[in-house]
């Protein structure tokens, strides 16, 4: 089952990257995708039922816009701190508790946190994410958990769980 | 100079500007983790913006679609590289800079 | 815990097959775009190196893999030689003769034997670099 | 349009100097690694601007290959930095 899904994804990737629909191209792509599936199929471990539910794609689209907006805001924030002559930074490493269960959700959340304002994920141990923060604005775990992870957690819960 | 060319030129200017901020931060900020912060975020978003301008300039032909494919690969590669570098630097025993106020990761290490 | 952190492992699962596929694309389009056998082989070996880095060398069944990669390296360089010698006998007395029909310029299947050379050289380079990488890893293990 | 692109290309190439400053000056090994990592991403930007200037498709191919190889190199250096052998 998951081998078939990997084969379809790889064939789609091949067609996009070569961008031609001649019959030879499709045959060569199918052979290459078969080879790749035989070699690396056992490393593709995802739950595939979720691929077939259309509302997840809708939330993924919404999440894409929210994430892009946060990302642009993050960059202006960092640019301000870099350009400012006195460099208003107050760095530290804080511990954030996550409410997500699946592995892929935690990974996507950690990658998103790396791209948003002044935070970069250092390590993931069980349910706790260690985050390096460029400006520690509060010492209360509740407040900063909400501030760092709370914005994305609801969307990711709808997409991946 | 039509509309698509103008929009793509503006996107390239924004991208190069973000790259400039990231590079300045790479030189100015005090310790490894802060440098990683500024450099990764600004440079990745700037490069994504330049690649997106290719899609807008040429439309959905092979060159634009290839640039569109490059964006998610760049996103995953750059964020995971930054995460691995930060973790490796901490494991190597590089301390946080002098201005730091809080360190929760220390108790895990010891 | 074996290997690197869990984030790296999960992203490796997503990216490794795409990296391999991209290497195959560079190899098979070697006569149309820059690149070809050597560059594609270097990208293909990147996929295996990524798995060894993220999961540790137990994931690939190390000792068996070394014998396999060494054998496939020898086999593919032998195939290149056989292709060249066939060209020697088929048309004129020219080594590396291009005896297959050359198609239209710009098509995927064209240029006679050049794509076949590209594919076998790609296999050769990937197997050789993988052998070197695994040999370095094993050497580090034994020297401790 | 093309004059602007030429100027932006020169600025983007000039940014590489900042990375090299960090590679030369960096007090620790990790600083130098950050410089090399960012260097790789900047080169992808240079490839993209060249592609939009010339309109050739294959330059994007070079960019994607550069992303992949730079990613694997960064992971190798990070693993070396965290004090493990490469095979565990």
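So that you can tell them apart, the chains are marked A, B, C and D in the order they are listed, and the count of residues begins at 1 in each.
Convention: contacts are C-beta pairs under 8 Å (C-beta built on N, C-alpha and C of every residue); 3 or more make two chains touch, one makes a residue touch a chain.
Everything numeric here is computed off the predicted structure, so don't read it as measured data.
> Tell me which has more C-beta contacts between its two chains, A-B or B-C.
Of A-B and B-C, more C-beta pairs in contact link A-B.
> Farthest chain from chain A, going by the mean of C-alpha atoms per chain?
Of all chains, C has its centre farthest from that of chain A.
> Return the distance between the CA-based centres of chain A and chain B, expressed in whole Å.
So the centre of chain A lies 14 Å away from the centre of chain B.
> If you average the CA atoms of chain A and of chain C, how many Å lie between those two points?
Chain centroid spacing, chain A to chain C, equals 30 Å.
> Using CA atom averages as chain centres, what separation in Å is found between chain C and chain D?
25
> Indicate the residues of chain A shared as contacts by at least two other chains.
13, 17-18, 110-111, 121, 123, in rising order.
> Please set out, as single numbers or ranges, the residues of chain D touching at least two other chains.
As it turns out, chain D has residues touching two or more other chains at 57, 61, 64, 68, 75, 78-79, 82.
> Counting only residues that touch at least two other chains, what does the list for chain B look like?
Residues 24, 36, 40, 44, 62, 66, 69, 73, 76-77, 80, 82-84, 87 of chain B each touch two or more of the other chains.
> Show me, using the given definition of touch, all chain pairs that touch one another.
A-B, A-C, B-C, B-D, C-D
> Can you list the chain B residues touching chain C in their complex?
Answer in residue numbers: 73, 76-77, 80, 83-84, 87.
> With touch defined as at the start, can you tell me which chain A residues reach chain B in the complex?
It is residues 13, 16-19, 71-72, 74-75, 78-79, 81-83, 87, 89-95, 110-111, 114-115, 118-123, 125, 130, 132, 134, 136, 139 of chain A that touch chain B.
> Which residues of chain C touch chain D in their complex?
Counting only chain C, the residues touching chain D are 2-4, 8, 19, 22, 26, 33-35, 39, 42-43, 46, 49-50, 52-54, 56-57, 62, 136-138, 140-141, 144.
> Using the touch rule from the top, collect the residues of chain A that touch chain C in their complex.
Residues of chain A touching chain C: 6, 10, 13-14, 17-18, 20, 22, 24-25, 28, 32-33, 35-37, 39-40, 43-46, 103-104, 106-107, 110-111, 121, 123-124.
> If we count contacts the way the header does, which residues on chain D are in touch with chain B in the complex?
1, 4-5, 8, 11-12, 15, 18-19, 21-22, 28-31, 33-35, 37-38, 41-42, 44-45, 48-49, 51-52, 55-57, 60-61, 63-64, 67-68, 70-71, 74-75, 77-83
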